[in-house]
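Have a look at these structures, which come just after this line.
Two complexes come next, and they have one chain in common, subunit A, joined by subunit B in the first and subunit C in the second.
On to the complex of A and B.
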């Protein structure tokens, strides 16, 4: 039964990748991943979109992971079970389920207009961070709660302080699950198109973004812009951009996988 | 047991570096927004300009005519394309925000009424029939309601919605006031989806800018329109010469005075006017008479001098 389910899932992934590769066969080459878009479909590339998505991934990871993991550690290890803390936990759980487009509307009002960041990479990163942090907290809190209490009691019994218990026992034990939780949350942010479209992501730039103040462009919004074009060639470009997005996500999975391999044997 | 490496610390340091890099002086970007019907032309001209000036940094986004004006008056874009002139309410908003702007015509486009290729019964509609078909009461349901000689098949309607300049122009010409339209039809800003809908139903009818028609020539056909002087098809010649009027409109770009002081914005706006004559045909639009472009260039040069 389990094997059958795994096979169905795997074949769906292989089918999806296969369809994309066939659709994109005419545009996929090295040039495609570096060049800017073009009005001539055959000459278009995803260079700026790839750079934009890398910027977004980096910025979101840099803000959301420390913030989210820190909050999760506080909630799981430090916070007394008061009514307020319980309320915060349930609010975060609900926020983690809010559709991403809603964050786009909030981001437009808050970051693009309120803080005057304009439709920039930074505004996009902050919006995606708002979307990612609740997910990181929810995932990481589960990871921390999965660490057996015996670990904590043993360390406390040896006279360790609470921070020592968290730093030397709980966090290392939960590290693989923490990493997986953060990675899952980041993948959702990397694949999000709706919130970025709300912010005013551009669909044609002559240059790759070189700083967070540059105009917002990313792979999901580029896919959307090309898929909406009537001419056939642009559909191939959309498929090609989808392949680039899958590659980016696969690279993130590889980092996770490599880290898990290294962790193996150190615990459990 | 491996001690936890200080990952969050490294990440935070990375963030600080990234943010401080971001706060440094960037090369400015010319941002272009506006009507989706003008997007292919803006894209073509931006690419053409970047070919001549590789250091130019241009970003184009499609936001609809109304969205483009809102962004222009919020200072979020330097130039916006529009498939209709700015409205009184929008120019008032710009005035309150302290943003002065220049609008110049760029190209001409017809509004094509399109039907399924399999529908050979309908060749030509009068403006009055179009009005009855699209009026807010929505009384016309079948082709026979429109003209007794037509089959009694239900008319499925497709078209752009409010916020689209094409919708504004169509309702202004056909209904007599912008925005008056029945609402029980498939509304979308994407010409592509309108074409797809009409191509999928033999008795469907839709309308969009005639520039978009070329891409769907094999699936759709245009309906001739009779404005009292005989039936006219929206060919390039008819649109350019004004024979398809009043179902044609001019497309504009609007530039904020304040950003014209920047050399890259001025040069790009100038290039837009110069290249529009050559590139508008490539994107399906009809170029304006040359004298119009000469006048627009003079207006642009004057606006730069007049900037406060």
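On to the complex of A and C.
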């Protein structure tokens, strides 16, 4: 049963990649990943979009991971189970399930207009961070709760302080699951198009963003913009951009696997 | 110089009307018991009678369980253990505990024994202290390999002894042992019992066991707990041969579960 399911999933993934590669065969070359979009379909590339997505990934990871993991550690290890804490937990769980487009509207009001950031990389990153943090918290809290209490007791019983228990036992034990939880949340952010479209992401920029203040552009919105064009050649571009997005996600998965391998053997 | 008073041994640990509730349900009820200095005391009783909970209230482990409430007092060397300004970590260093499950850290033998010392902030080379603790439990034979061995690769008996060494490294005044031979084969059990027997000279020992013959072999005093109540407490020989309480007798003769 399990094997059959795995095979079906695998073949679906292979089929998807295959279709994308066939669609994108005319545009895929090295130049495509570096060049900016062009009015002439055949000359267009995803350079700025790749750079934008890398910026977004970096900024979201830098803000959402420490914030989310910290909150999860506080909730799972420190907070007494009062009604307030339970309410916070259920709010976060609900936020993690809110459709991403809703974050787009909030981000438009709050960051683009409210803070006057405009449709910039930074506004995009903050919006995606808002979307990612609840997910990081929920995933990481599960990871921490999966560590058996016996480990905490063993350490407390030897005179460790709460922080020593968390730092020396709980976090190392939960590390693989924490990493997986953060990656899953980041992958959602990297693939999100809707909130960025709401913010006013550009799909036609001739230069790659060099700072968080530059205009917002990213792979998912680029795919969306090209796919919405009626003319033949642009569909190939959209498929090519999708390949680029999958490659970026695969790279994040690789980091995860490499880390898992390293962790193996120290914790079971 | 103060002369030590003659008479009965001083209680090192004592509870008075100790009641522990989990989510409102009392699992220890009005337990008053004195543990004399330098003795081995066994707590026996049926499953769920509160043996573990009593042990855990001696070093404030119960309060780590959400929903646990403690009433009554516990004194250690005359000090109220549950006083607001008592350092819990220090309590647990002075009154060490070995849990029913060894729960070793997935690290080396050395790191397991050194954990408590490091948490306490002991500086410098810990090898002497670690090796000393391992010697007591028979895991040190002079070869450094054992220090680097992964704790989880040890046999069940060795793991149990390592968990005792881990607590001993802090040189506690008092050692709480919860079912120290549960799930061990006879040979491994015998080794652990001989360690406990030797430890009687180092510290006061409170032992929870569901094997009352073990209480008979190891302890000076035995307490019988039943549904959270202390039914009987006295010299082991006396309690075994001439129990005053009906329930104690039923338990010892196997008529209670």
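What we mean here is this: the second predicted complex is superposed on the first by the 268 of 268 C-alpha atoms of A that agree within 3 Å, B and C clash if a C-alpha of one lies under 4 Å from a C-alpha of the other, contacts with A are read in each partner's own complex, and residues count from 1 in each chain.
The definition used in the following text is that a residue touches a chain if its C-beta (ideal position, glycine included) is under 8 Å from a C-beta of that chain, and two chains touch if they have at least 3 such contacts.
Since we're looking at a predicted model, the values are computed, not measured.
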Practice problem: Give one word, clash or fit, describing how subunit B and subunit C relate on subunit A after superposing. | Solution: fit
Quiz item: Is A:65 contacted by the first partner subunit B, the second partner subunit C, both or neither?
Solution: first
Quiz item: How many degrees apart are subunit B and subunit C as seen from subunit A, counting from C-alpha centres and rounding to the nearest 10?
Solution: 160
Self-check item: Partner chain(s) touched by A:168 [first = subunit B, second = subunit C, both, neither]
Solution: both
Quiz item: Just subunit B (first), just subunit C (second), both, or neither: which does A:97 touch?
Solution: neither
Practice problem: Classify the contacts of A:2 with the two partner chains as first (subunit B alone), second (subunit C alone), both, or neither. | Solution: neither
Quiz item: Any idea whether subunit B or subunit C touches more of subunit A?
Solution: B
Quiz prompt | Three-chain overlay, closest Cα atoms of subunit B and subunit C, distance in Å | solution = 5
Practice problem: Under the contact definition given at the top, report the residues of subunit A touching subunit B in one complex and subunit C in the other. | Solution: 168-169, 266-267
Quiz prompt | subunit A-facing residues of subunit C, complex | solution = 59, 61, 64, 66, 89-90, 92-93, 96-97, 99, 101, 103-107, 115-116, 119-120, 152, 163, 166-167, 170
Quiz item: For subunit A, which residues count as touching subunit B in their complex?
Solution: 36-39, 58-59, 61-63, 65-66, 69-70, 112-113, 118-119, 122, 167-169, 171-172, 175, 200-207, 210-215, 217, 225, 228-231, 263, 266-267
Quiz item: Any idea which subunit A residues touch subunit C in the complex?
Solution: 80-81, 148, 150-161, 164, 168-169, 173, 266-268
Quiz item: Which subunit B residues qualify as touching subunit A in the complex?
Solution: 1-4, 7-8, 11-12, 14-15, 18-19, 21-24, 26, 29, 31, 33, 40, 42-44, 46-47, 49-50, 56-63, 71, 74, 76, 190-192, 195, 212, 215-216, 283
